[in-house]
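Take a look at the structures below.
Shared between the two complexes below is subunit A, which pairs with subunit B and subunit C, respectively.
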Partner chain A sequence: MDGDPAVMKVPRSSSVEVKEDMDTKSEKQATRDALIDISFCGSTPMLWKVSDMKKCRSEGVIGALVGSLARQPRQNVRLGRPLELRPEEALLLLEKEKSTAAVRLDTQDCEDEEAHSEAVRLYEAGLESSYQEQCVLALEDKKKTLNRVMNEKENGTEGSGSAVRERLEALDQSFSFPWSAMAVQLCTARSGFSHCPEERSFHSTDCPMPRDEHLNTRFSVYRDLRNKGYYLTSAGKFGGDFLVYPGDPLRFHAHYIALCVSLDEEMPVCDILAIARLGSNVKKTVLLCSPQEGDVVYSSLQWSSMV
Partner chain B sequence: MRGKFWQTMGFSERGKQYLQPEEALYLMECGNVQVFYRDLPLSIQDGYERFLSSDTVTLHQYQVFGHLKRLGYVVNRFDPSSVSSTYERQLNLPASDKQKKQLKRKRSQSPVSSDKHGISTEEKTTSEAHNELAETSKLPADLQEPVHLADAPERTWWMEEDVQQKHPKTQTAAPRWDFSSISFPDLGSRRRSERLASPHRSLLPENVDVGECDVSRWLGRLNMKQEKLSRRDMERQRERDRYRRDVNSDREVRRCRNWAEYSELMEERRRRRRKHRPEHLWEREETPLTQPGQCTSHRELLDQIGIIKSSTFSEGLSRLSPSDQWKISFDVYQPDTVAEFKKSHPGKPYTRMCVCSFAGPVPDLHAVKQLSFQSQDVPVTFAVVDHGDISFYCFKDFKLPTDVY
Partner chain C sequence: MDEANPANPPPNWIQQHTVYQELMRLEVGDSVQVHAAFLVYMDLTEVRKWKDVVGVSCPELQAVLLEGREKEGESVQMIYPLPSHRSIKHRELRSILDRGSPMLLCAVASDSTLVYQRLCDGFLTPDPPVDIQDQGRRQHRKRRLQT
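Then we have the complex of A and B:
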């Protein structure tokens, strides 16, 4: 039960009202529309809108889907929205100015009573119109079923068809569609009809993602590899920081496991052996990446005795 | 959905039904529940941002929760006070009804309706989730606290004095009796006297005077009959005794009048044996752990040369303090028990989950021991979250085999 707010049907009159309010903001919106909205759940950046996800993919940022798939919620093979971004991915999008990041403020919650009651009214109006539509559809559906039954019965025995015909005729008068049987749409992304909390966009210095040395190292490596045209995803299960794909992950297997180490970090030989073994077992080359004065230095490990 | 989820999720308090925030969010994602706040429905994005925080359930914990629920497991929050200790389990007490703590209050408006389309319950929130969060955690009282901790608040800065104070308390009192000079009468021997001399004045409490003691009545109660064995039994005993030397028939042992003399004799014998040992090995500070002929089985030998002793999870637990970083989040019950699952008596969980991520440290022995102690007889699984991918790890207690046949 997901969907963009655009899919939800709204009676024409109220949509015109909404548009008039938005006119003054339309110019700002035009430029903003091209940007991806990143919202934060705690310190984790996430994308909620399908359009945002498409734009993000076209930039080469993959991310990972972590929510239940709306059509089939009770399985783990395919997951749905939201798209969780790594901090490096979010930083890249912010740096390229392809996105804005916003944090929901905890304190305020739309103190504006009028706007809130307006939103409630719109929501209820939408619900009502949806109900009317569904009534009509349900009645048609019922008629079709009865007609089908009637036709089948006429083809079979005589006499029983008349009872069905009577039911059909009585249907128009006596059919009732209970309110509680109505299908309701649950929005995945925050839609215009819910109360809109104040969102504050911020500079990257302010961001809720904690920035430490390791994140900076990883971000430099991520940015460099992305600029070279590789696609990167997370590689926790392979003991590394990133999995590097020559193209879209849906089309290729990863070629490299990237491990980000800073140049002055000491690495015990056992660790190097362990990661090299791992890489050779899964048939991927291990890359040790270290940022150095704006550039990134790569060393690859290949176990030559394993064929 | 007719509301089947009430069987495994949610809890009742004061007549109303509540859902935990993670349960509500999961049901929203499945499309079974709509949550209203101030008359407007919350989107899933709102749910994520409002319900998940470090005070309630973090995003990682929710991802593990969702993953397991989607596979069909029954997942409940872990309540440390619900774990029964070994003693309680020995006594086999019926599980008492522990009160669960609610973290999000919702007013349930309409009863469950039987429709096939989407909503089964509509619930209204009365106020913001994060305002009502009052998480209290109960840690099991550590009954084995060492004595000096009770004084700690007063003496925190006098570290040396603290150490010194410890000694007199933990030191055991020197024995007042010199057991080497006290002789105990042997009442079991054949040649016994009916009368016992009174004990020495110093051994008795003050003002107590004991005369000669007539023990004939007591001796009559002792069973001094000679054991009558059948011929087969006697043969068996002879076989057993062939290589066993009776301690009592040892002349030197008979000459000992008390335990002190006996242990001296044993020490002397040991010294005599040691005279055959090479000096360069035995006369230094570091001596060999064993000597030829000392052990009769492989297990004894391995015990003697085993400097590194293997430890189990349950050792040394009383000295462990609860850790802030490692906490058990959930109890997990198997999917096939859903039909009989009762919220009031869930029974023993299949496993307990501790959620962590690849960005954090690997659990060290302290953490593993502390968690397994907290969980008692239920194994602990570590769910490691890596940007949506979840891997499960568990540590198994393992003892290296020492018997070599």
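Then we have the complex of A and C:
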């Protein structure tokens, strides 16, 4: 991962030059394929594909993993896909035209009770038919195994083959394949995401995220800091808006806790005291960030050592 | 100070203090803020021995600021004394920071506790983790662990 904040521009497509008409279609295809597909669950933007997550990271947008790992579900130290994006991060990707926002029809239908129960019925029917198939296959498999054992024993010496033959004959009546032994296929990578690029742009929409004053402030600050080469993650643990890293968060500690306020927002002195003190305890400077006429002004707040 | 009674100053000694009267004469800031400014002035001059501390009027904030040097020969710093139950806007802090010198915000509690915080323009990288520092008064302070 590139930790150098100075070299952040990722070329959208290295083949953007004057070309023959024939090539423009495949070029557009390539550019559109390079777009990151953001799915919305309600108003929360998410990335599901690993390729999208890699592209997103190379743009300097970090996000947060929120899914449980299939093989280690009962812990939350290491989480898996999907990658949840903050509204500012999704807005930045959309603004830079690095992504399309597609509304996933299946997740949108959560509100529709009937469609949901229909989907559940279909799924359960599918499970049932899969179970029946697996019963038949398991029985055949068991018979084959017993036959093989029986043949081996008969080719041997003793007549214990008779015990096996009895088992084989009783098999049809006594065989049971428990429901819990059924193999269930869980779709991870491809389910619902096989839309070709044309379909994706058909589904694409303005992002359904509510934009209030605070989001606008945060987005201006996020965009400005990202352009300066910093990496940003959420600072919920520290009571701020962002944690600001000089490079990729996997390689550095954060230097700043960014607090996004508008220039005219009233802040109680006690709150300023509290966050300055916290910042000094965790060795981070508190940054007060305010958008001002298209630019952003920053003030560093540090606990003084005057005791 | 009232020379006639050095061991027993009058209860309103603050109001009779020359510097307090000077700060009042600047005619900005309400009496609570001027009182806070005076307490900070006394702390800086008598306790911390700062040099050249003077009151400065700040009409856009309607407040008395203090200007002084921590040591002889150092550059001037601005101090904004503020009663701690008040609120403040980033714009107000910027108007002081835009004067160019580093700034201290001093919150003055109702019991006269003073708390200083440093503010400066732009990005100030935090100090990296340090080794164990002996802060003096060893029995009373926890040693900071090496991180």
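Quick note on the criterion: the second predicted complex is superposed on the first by the 177 of 307 C-alpha atoms of A that agree within 3 Å, B and C clash if a C-alpha of one lies under 4 Å from a C-alpha of the other, contacts with A are read in each partner's own complex, and residues count from 1 in each chain.
FYI, a contact is a pair of C-beta atoms (placed from the backbone, for glycine too) under 8 Å apart; a residue touches a chain by one contact, two chains touch by 3 or more.
Predicted model, so just to flag it, every value in this text is computed and none were measured.
Enquirer: Examine A:Met182 and indicate which partner it touches, taking first as subunit B and second as subunit C; both and neither are also allowed.
Expert: first
Enquirer: When the two structures are overlaid on chain A, which partner does A:Pro268 contact: first (subunit B), second (subunit C), both, or neither?
Expert: second
Enquirer: Would you sort A:Asn76 into first (subunit B), second (subunit C), both or neither based on which partner it touches?
Expert: first
Enquirer: Looking at the overlay, what does A:Val297 touch: subunit B (first), subunit C (second), both, or neither?
Expert: Touch status of A:Val297: second partner only.
Enquirer: Taking the superposition as given, does A:Ala64 touch the first partner, subunit B, the second, subunit C, both, or neither?
Expert: first
Enquirer: Quick check for you: in the superposed arrangement, does A:Ala276 touch first (subunit B), second (subunit C), both or neither?
Expert: In the superposed model, A:Ala276 contacts subunit C only, not subunit B.
Enquirer: Where does A:Arg86 make contact in the superposed view: on subunit B (first), on subunit C (second), on both, or on neither?
Expert: In the superposition, A:Arg86 contacts subunit B only.
Enquirer: Count the residues of subunit A touched by subunit B and by subunit C, then name the partner with the higher count.
Expert: B
Enquirer: First (subunit B), second (subunit C), both or neither: which does A:Leu250 touch?
Expert: Neither partner.
Enquirer: Considering each complex separately, which residues of subunit A are in contact with subunit B in the first and with subunit C in the second?
Expert: none
Enquirer: Considering the complex alone, what residue numbers of subunit A touch subunit B?
Expert: Residues in contact with subunit B: 1-2, 39-42, 44, 46, 48, 64-68, 70, 73-76, 79, 81-82, 84, 86, 104, 106, 109, 116, 119-120, 123, 178, 180-184, 186-191, 193-195, 234, 236-237.
Enquirer: If you look only at subunit A, which of its residues touch subunit C in the complex?
Expert: 255-256, 261-270, 272-273, 276, 279, 283-285, 287-288, 290, 297-304, 306
Enquirer: Which residues of subunit B touch subunit A in their complex?
Expert: Residue list for subunit B touching subunit A: 26, 28-31, 34, 37-46, 48-49, 52-54, 58-59, 63, 66-67, 70-72, 110, 113, 115-119, 128, 130, 357-358, 384, 386-389, 391.
Enquirer: Tell me, which parts of subunit C touch subunit A in their complex?
Expert: Residues in contact with subunit A: 48, 82-91, 93-94, 97, 104-105, 107, 115-129, 147.
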